[in-house]
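Can you read through this structure? Questions will come right after.
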């Protein structure tokens, strides 16, 4: 939405605050900002929208003899200056996740936050969001959140807690604190205070996904605690070793933004980076790679060693050779390493070696050296100090667990970590007897809360004041959008309670920022970040002499394996849906199909096709996995899913699932008990894979909800061959070199079928409608940069009130997501290529859906939108049948009737909620279009390009989506459409879609082309 | 008359007599009226109770459908139409024989139609009722179905006359209305007969009202016959158009496997095929139970069998043509759609269809099979099954795999789909049995009209 | 048949069911007094009508601006004062109800010089507010199809209640509409999202 | 009770052949208001009675025209005058698509015209008719053939007509009262 407006509304907001800026009145301000009336109003509003279900059906044609139920209007008693009912406000705030934090702009209706977008100027978000950030708004309205403090499972009022909650006295001996890592200066300040005051206590930090190895590895070489930030826009050659920097990564938005810069193709001359990927899992980064080589986790040492040696041979003479007795890689692989090494050297200082943060630290050190020898350090890779962060620490975590098991902990404070979920298998069963008091500060009634004597509800970040730092050092203030919905407090408030004084989190933050002038403070809140702090953490690393690093090479030498092993390995990754499990109760993320497997709601054990054959397994067989961890045997059961492109005898297990929560509300179509499998028991704490797994097949079957490849297409040669034939047309692609020779290759497919180059020449019985008067809305999607992350579809879900339907319905093929993220595998099953294509309604000018609707419920407006009038729709489903792209979604049931009221608060009041029996689909965010148009009219001006930004467009960190007026030749979208690798899907049907695609390019190394020019396409799980 | 004249008569009538046994006007009247006047045989009672219970099932499941939503069916995203539409097209098809037999055969002066036209027409009407149930309930929001009719309303909105579904509404609706008129007009003289024979007051009253005071005046007969001819003339193009229009539901769309110009003729052929099959299925037991062998003779069955043979083969030809065109068009989507039918996940349905609609009718090349009642009966039932599966194959296999493979899915019917299919038969047979019970199932005055002595000059044929 | 159609399309239409809806309000506030006799501008209370899709029901605050001084004894105002003290909003009853799937925007209409009276009637003559127009879709369309009837020249205030178009008003307005590029949409998407 | 008025005379004939002859001779005799009653339409009887061809065809034709034009008009008006909506980028009046409903409504119009026309020409429904007073007349819908000559016929004379009917072979002669 128009940024101009944001600023305006925010300005007024701040003027109003300046009037009452001494900290006393801030209290009253916080109260005033959300007067008692507000919540009520917004609730009735959502309820009103909700009524529109029944309303929609009954009220039409005035067929209701009796009039609608009486509607009450609740005005404000004392209207807040900054809120005009019906006009949404935009506030800047920050969401922190792990060691990073993202600046965001939150849309708020009558004091009710409804939608999140990235903050343009914040370096970590650059105007876009990840699916996690996007979906985090739903957590605010999570009906199952802990609603008030509990003591021995009796609820306690907040004031009561604040007054007589003094668990800590003395020097804190016998006291232990466990928390996740954090980047907030205020929290850090309180943390230091705590450690000073209770000197005998131990504070442990633990993240399931931590940068610990990376930091320590880099620290070994650089003597500084730093994290790298990659600048892909400054690099031509990128090697990713087990690193999913485009997907599930701390800094993914920055990575995607910079990556797409050096990936977008406009003309023949444009250069495009080349991405090599070596990985044991299958990640979004891997799917984007020009060369992807799979590797078993236990071979990574060998790979890096050989790379090191090859680099050394080919010009990086300073590097010390590692003595490899016998290479375990075949010819093809070695050739790849050679080519890769040459390529890296050729692009000195313009290349990046990115390595997965969970890999052992010595590898990080070596890769640092390699990057240094490649002159990448301080060019394409910069390093940023992490001193201000409180970081995950594995060793002390292990110690803590020992201490607990040996009964040396009396008071255990757990800060927002599901302790039991993580460590149940390591903990003594009688933990409740061993530890006197367990204090749990968290948001849900999870396993940990079961054993704790005190439970203190944690405020959502949109409910609390706080501050945060990004990896690059950008500091920002977290300002609340709404007063806490439940009796919860922020972590800062909790810590200060522990320190014995009850101070509001606003004051705590203010105190931390006392060094800054209140003007700077206000500006920071307004902008969402502190300008002066951008990349304040960056440290320039002096060259490290390779000699000083001898023992890195030797350690690596020790770890080399001399022969190819084929023992079963379990490789653990962070979930694409739940991250480390913190989003277990976020149904948007749960239902959004996994970006790679397309499975929703659960995790599965992924195995390669060969492994499946060896163990005679097929999809959704349940297997039992056993593993011995220091003497004790652990086992889990999980359904199998076969995925091409995985290394053999390697089982990929997603962590974060199987986290049991106690729920307050129970939904009809959503089965809350579907949790997936907790795979942690067979994972050795700290390591990212476990060797020597014992696999045994059980007779059990577990049906899995997969949104693509229904009905075992792979078993059916007929279908497979057909897809093979169609794919090149559906997703048109070319090697960048071929493109330079033939830049309108996209048309070849049409010409083969004698389809004229421009739509207007397609034969038709009717004269085509005249759409020459602007604005005419159109969209363009660049397949070359789409990583298939779900950010767009979740943004759409949040913007358009798309219901969650639950696993059963997804299995029945009734998922509602308006954007279908198509994922195809190409080439040979062992080393496939990947093709991704988001498909939403293409708004065809000759829309096939419209002519078949008997009641004209879906029609075209004069700006070329293919509109849906839900209240006119009678649900014949004919339109969906006749849609060649199958982008229409039908409400088979009344999915929204039991949406808890608090969840309804997340609804966008500008979009009506659909009743059962109604067809729905992408509307090009028509509500945003009309909003922009009306604002323009009221301001007596013409619409400008960029006034309308659709939800998916802003969310996309790769900037793959452009939207705008196609009549205006200068608009971004017209320019994109004018490119000659722009094509429209299924052109021969003469539907004239308004959404067109830019073809995908691959940039393989010429010397490696012949290895993967096997262009057989197959569709496969 | 002498043998020679008898032979002459033979050659003149050129066929075996249409009514066997020595019937005269009054015996015909007695024979047919007695069915309505006497108590129903036990067979009728059992059949009625059975089909009525099926009807209750239908009502039950429709109630649940409207309460819960369309989700209770096996539908999913690519497959938006399931059993409901399959049943609709199936029943519309059944509904064809009736009007065809009476109208078209009437225009062609096919006298033999008189024996079967009455209950063929009745069958038509009930089949169309069954058909109309389904488009009604298959929509997501039944309570706003009236949006589809051009009624002036506060929205200032009108239906979209470009939509094949709307064509359906008009076509099938008109077909129902016209068939009803045609049937009723045909009934009037016979109702008068029943009126005049009625013993009880109630019967006299009811039949009296229905027969509109018919007094078999010839001045009336004159208008009556012409009007009947006109209706026949109107129904003939209608009959042919209705199923063509229904087929446009598919032919007008752009789905591979639906988007086919051959659909209209081939749907009509199929409809006639299934229609005659159904007539057969009904006539054979009826003539047995009510002892009408002398009126619905083997000759009639034989003729119907021939028609089934012809139409069945036409359908077979259409199947072949579809494949040829799909291949000849060179359109990959098109050809895949058909290959997928034959060997894809729904091959089983496809081959049931082929064997029932194309192979089994070939039996009728043999005179002996054509005239063996059990064979006819079983074959006709198979034909019905086959025609149902034809619609199943067309609707589901095409939908489940269209253009973009990512959205391909498989459709499995839910229990409710099946219950509603069964229930629709309950609806059909309940109506039909009531018809047998209370109305003359054979057009008496027409039968009389074709008796030899009906011809004023029948004695002086020389 | 025809009569059935007529029955529904007439007796079912908002023209018949909705017009004349005049619910009791918790506070019997008189528009006649305030807007009519005192001649207060509509926008004094309905502040956001030019900025927002909603005209908003004024907060109790607005009432109290004056009634802190005037009508102190008037017991009609008890509820208002009560609300002011307790901070509990007054539960007004909605008179002009549009279905929730129809998105109407006050600001764009007001800024296009459509008078309040065109839709709400002579509020200034109503003791208790009553719905005078059907507010049905076809009614909206009527005006969208020929807006010149209802759009006012710039020199006439949209809130002026007693204004009646002069001779030849429509010709003038047709020019006006062209100048200001006023294009009332007839598309479904204009109101239904 | 008031004396009953006479409606006419009813005579029964045995078969189609004789009814044909009878009708012929009644016509020749010069009667106008007479009628034949047969259980089924007997061919040749029209000429025998000297009836003109029925005009029902024209009525049906009219019905068809009304139906078709009405249908087309409705579609044209509602889609291009009343509320023109862009659908699949097709012209507002895409007549190709409108032909089907036009055709169907033509048939419907015709069919109703045929029914109503027939009822009108036959003055049906007529639940009360003097002929129904005759017990014997009930056979008319079964297997008997009747000739009825009405009182209002200028040539009608109770005895002459009776005798005339006997002379042409009429059985069970009956005087029908209103």
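Letters are used for the chains, namely A, B, C and D, taken in the order the chains are written, and counting of residues starts over at 1 for each.
The rule is short, and it goes like this: a contact is a pair of C-beta atoms (placed from the backbone, for glycine too) under 8 Å apart; a residue touches a chain by one contact, two chains touch by 3 or more.
The shown structure was predicted, so the numbers you read here are calculated from the model rather than taken from an experiment.
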item	value
Chain pair, A-B or A-D, that carries the greater number of C-beta contacts	A-B
Reference chain C; chain at largest CA-centroid distance	D
Chain B and chain C: spacing of chain centres that average the CA atoms, whole Å	58
For chain A paired with chain D, centre-to-centre distance based on mean C-alpha positions, whole Å	81
CA centroid of chain B to CA centroid of chain D, Å	30
Per-residue multi-chain contacts in chain B, two or more chains	146, 153-158, 160, 162, 166
Chain A: positions in contact with at least two other chains	60-63, 848, 850-851, 856, 859, 861-862, 872
Multi-chain contact sites of chain C, meaning residues that touch two or more partners	8-9, 12-14, 136, 141, 188
In the complex, chain B residues that touch chain D	24-26, 29, 150, 156-158, 160-162, 166-167, 170-171, 174, 177-178, 181-182, 185, 189, 192-193, 195-197, 208-209, 212-227, 230-231, 234-235, 237-238, 241, 245, 248, 445-446, 448-449, 453-457, 459
Of chain A, residues touching chain C in the complex	35-37, 40-41, 48-49, 51-52, 55-56, 59-65, 67-68, 70-79, 84-87, 859, 861-863, 865, 867-872, 910-912, 923, 926-927, 930, 934, 937-938
Chain B contact footprint on chain A (complex, rising order)	57, 60-63, 708, 710-711, 713, 716, 718-719, 722-723, 725-727, 730, 809, 812-815, 820, 822-824, 837, 839, 848, 850-856, 872-878, 880-882, 884-886, 889-894, 915-919, 986, 989, 1019
Partner chain D, residues of chain A touching it in the complex	765-769, 845-848, 850-851, 856, 859-862, 992
Chain B partner contacts - residues on chain D that touch it in the complex	15-17, 20, 23, 35-46, 49, 51, 54, 56-57, 60, 64, 74-75, 78-79, 82-83, 85, 87-88, 90, 94, 97-98, 100-101, 103-105, 107-108, 110-112, 114-115, 117-119, 121-122, 124-129, 131-132, 137-143
